[in-house]
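Inspection log for the structure reproduced underneath, given as structure tokens.
Order as written gives the chain letters A, B and C; numbering starts at 1 within each chain.
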Amino acid sequence: MSKLIDFVITSIKVSLTGSKKYYAWLASLLIMVLFGAFSYYYQLKYGLIITDIRDQVSWGSYIANFTFLVGVAAAAVMIVLPAYIYNYKEFKHITIFGELLAVGALTMCLSFVLIDLGRIDRMLHILPFTGTPNWPQSMLTWDVIVLNGYLFLNLLIPGYLLYKAYVREPPRKWIKIFILISIPWAISIHTVTAFLYGGLAARPFWNTAVMAPRFLASAFTAGPALMIIILQIVRRYTCIGKPGCKLVVTDRALFTLAHIALISMLVNLFFLGSEIYTVGYAATSHLAPLKYLFFGLEHNGVTYAKLQPYMWAAITMEIIAAILLLFPKTRKNFTTLNIACIFAFLGIWTEKGMGLIIPGFIPTPIGEIWEYYPTLMEIMITLAVWALGFLVYTLLLKVAIAIEAEEVVHPSAKDKEMPEMH
Amino acid sequence: MVDESRRDFLKKAAAGATAAVIPFANVRIPVIDVTLEEFFQKHYKEMSEEEKQRVIERLKKEYKEKYGIDATIKTTPPKEGVVWGYALNIQKCIGCRRCVYACVRENNQSRASPTDPTKGEIQWIRVLEIEKFKIHPGEEGKDFRTRFGEIIAGVNLEENEHYYNPEHVPEEDKFYMPIQCQQCERPPCVKVCPTKATWKEPDGIIVVDYNWCIGCRFCLAACPYWARRFNWSDPYLPKEEINPNMHYLGNRIRMRGVVEKCTFCIQRTREGRYPACVEICPVGARKFGNLLDPESDVRKVLEKKRVFRLKEELGTQPKFFYFMD
Amino acid sequence: MEARSDNLILQKALQEIERMKEVSVAKGLVILVILLSMFSIAHAKPEFAEKTGESCTVCHPNGPPELGPAGEYFKEHGTLEGYGELPTGEAEPGGRCNVCHAQFKPNPTPRDLSAAPREPNHRFEFNHGGGRFWCLTCHNPVDRDTLRLFNGSEIPFEEAPLLCSQCHGVIYEEWKEHIHGRWVGSIENPEPDVICTDCHNPHDPEFKPIEPEKPPEKPPASKEIPNYPVYSFIVLALSLLLAVYAAWR
């Protein structure tokens, strides 16, 4: 027990100490978070009227970002699965980065959902015992279960493994069970989130079977894409590459991730194309939201097309990313690889976040067209939550890197060798 | 069985917590501006009669303090053998919107504040103006792939006008269709509510416990008829406009962050009166009654007129029927 | 009332003329003055008296009634021109129509009475039946305080639905079952305190278009905090600078 407490205290110390640049990064994120909290105070005081969400478009930036980030959280499975099921060595070293990214992403998801609530003071009503959850009928209750469960798994697994590394003991076998559970669990979190939308017959833009597969495909693109960028940053700021470093992030791991991102992106584009064909060929009334996205809708002589430029930019970025990832020459060149990853990430953020949630409400089920564009306060709160997620991730990563690089160790285990972690 | 006893124990503990809090019940939590008693209030369906009465006393005191009115807040239960139904004659409707405003006067919606542009008027009924028909024949001689003819007629929920404002209604070439909560028998909104804050009462009315709703707005996304409204800010309700005759599940004054919608004027219908919109319609286009009573107005409409429902294919089974003469 | 005094004056004048056959010039002058004065107020005579030669006592045997607004206007201007909308001739309980109509023989010829020279009561637009009806289609020629059904039977105005149902049978059945028209009060016992003619003007039944209430407002504006854009800009700039510094090689 004392070792555990020591582990926790040391972790906190490690996460809060570093170079000047590290502090600058933490400060950069922290002021965004604090300003977000300041802005959220106004949202609590005045209500959601500080946003641009109204009855016509009743979910906005918060839920759009939540949807996208659940996908990023789920993407950890794309590292864990090859590492543990296929024993892919390159990935064994980087699973912890994926799992901790899931923690950061889940922090953001849960924050987004909470700040989107009209009455956050009543959030206990959704939990059993303190409330009356509408389980199993309401998909939101399933989402509460799977998201919190996945958060628990992704705190437990790296936490346990890092603790064991800290005290230089081999991890017990039971952790494998949790790791294996986390694989289908990751699929489930994104499937449940997709089912939130796919089950609504009122919204034909979302009420399609391809919603869940699309979500998974785009998650497994955006997640690895982000992971590739992050791992390169990790390589730059840690001892990786220098002699004697115990951290291992090989180029091969990155290229395999890129490969995974490529396949997922192609599948995602295929699902998108399939969606566009199914809705567009018969051109029923269900075409309206898609038409709004790409071409705008016209009513009484006014054309409503606020999202049009973003959508075309997103599709272009996704296609360029797919092409860059397709050819080994560009996939293995770090410049083009990074461009591809950034384009993939931004493209999917648009196509799956704002470009999925907002058009679901335009036109309203009884034909009104009302456009949404986030207010400044909404944008700042959104950025603040992103900053919070990255802050959490940075702090956790600092600990993980310190422990895995064998820079910190429990005093009693100073002379022990690092056991086999995986 | 173990679960039962544990649940019972925890419920008792929660009740104990509520009882223990009563001495501090009037402490106000800042920013979100609720008293501790309100914070710990239980779900309406789980409250005993005394608890309900305590809640009503608290609400009455609040309204007296805030608005200076003496409200009656009923908790009238549904009558046996009654399922309310509604029929609207779109042949007769002239789109005058008297129903919209009668509803607002009756149900204590937030009004538009003359000084604060962030407070708008919530209207539960939305009247659609639909063109009777539009004909654009295709171009002669062109092959079918290049030019479709266009003939649009009928109930068009995709292209209609909500903000019509001509000098006089009805206009020659338009017909009108008011839409409000259809009180579905298979309500998608009830299915998706994560906290069971909205449910179907035995007399068929879908109600919301405004003190239980967490404001997630999943029901707004799930409703195919755009019938639900949300309080984006604190409601603005001048004292003169308040209808003091309230029902807990119906027209009591709401707070920011919760969902509301038409409740078939539950404060009226459970006392045997017609909803406000039915009474005010100047052309008698609205009919209301007990679907289980073969002699009721709405049953007669179902027998004698050709009725249809909106979005029948979605399987929501609305109890709001539209008909024509 | 001037009209009656005019008549009496005329009568008296004629009598005088009869009596004073061998009248002196002075008396003749008096007569002339009297006759001239009659002309000066001749335009104040109601058309009824002009066209029919009947006296006012025909409708008002008990002396002049109190003037209503139309009467006051008439008194002031001598004519009802420019008065505005005249009452459309709804039957008053107790039946006031017979007070006049009992005096005349009914004229069964269907004709347009919208420019009726008689009472202002009958001067209104008649738009019922598309030219196939006229007054005596519904109104009982022999007793104007009742209505007449197709089979000749008489019904009071309060039972007008029976008459309307002769042509509008389906609507009548629906009205009886509460599915036509407005019903107010309690759902168990809705009040039928309106009959057909309370909502539909029997002489011009088509509802006229009315002014609609205001359209709904567009969703309200967002709440803005003063100086928020400035604060945001400062925070974003600071954050970005720190991040750039952190990333600088």
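Note that contacts are C-beta pairs under 8 Å (C-beta built on N, C-alpha and C of every residue); 3 or more make two chains touch, one makes a residue touch a chain.
What you see is a predicted model, and the numbers here were worked out from it, not measured in a lab.
Chain contacts here are complete: no pair of chains fails to touch. At the centre of the protein atoms shown, by the Cα-centroid criterion, sits B. Between the interfaces A-C and B-C, more contacting C-beta pairs are found at B-C. If you average the Cα atoms of chain A and of chain B, the two centres end up 37 Å apart. Annotation: 73 Å between the Cα-based centres of chain A and chain C.
Remark: chain B and chain C have CA centroids separated by 41 Å (rounded to whole angstrom). Multi-chain contact residues of chain B (touching two or more other chains): 118-119, 126, 162, 232-233. Contact with two or more other chains is made by residues 46-47, 49, 54-56 of chain A. The multi-chain contact residues of chain C, meaning those touching 2 or more other chains, are 218-220, 222-223.
Considering their complex, residues 87, 94-98, 100-101, 112, 117-121, 123, 126, 162-171, 232-233, 269, 272-274, 279, 281-284, 287-290, 296-297, 300-301, 304-305 of chain B touch chain C.
Within the complex, the chain A residues that touch chain B are 41, 44-49, 53-56, 58-59, 113, 116-123, 125-126, 129-134, 137-141, 144, 196, 199-203, 285, 288, 299-300, 360-361, 363-368. Of all residues in chain A, only 21-22, 24-25, 27-29, 31-32, 35, 39, 42, 46-47, 49-52, 54-56, 370, 375-377, 380, 383, 387 touch chain C in the complex they form.
Residues 174, 177-188, 190, 199, 207-223 of chain C touch chain B in their complex. Here chain B touches chain A in the complex through residues 7, 10, 14, 29, 31-32, 34, 39, 43, 46, 118-119, 126, 128, 156-162, 179, 188, 191-197, 212-218, 220-226, 228-234, 256-259, 311, 314-316, going by the rule given at the top.
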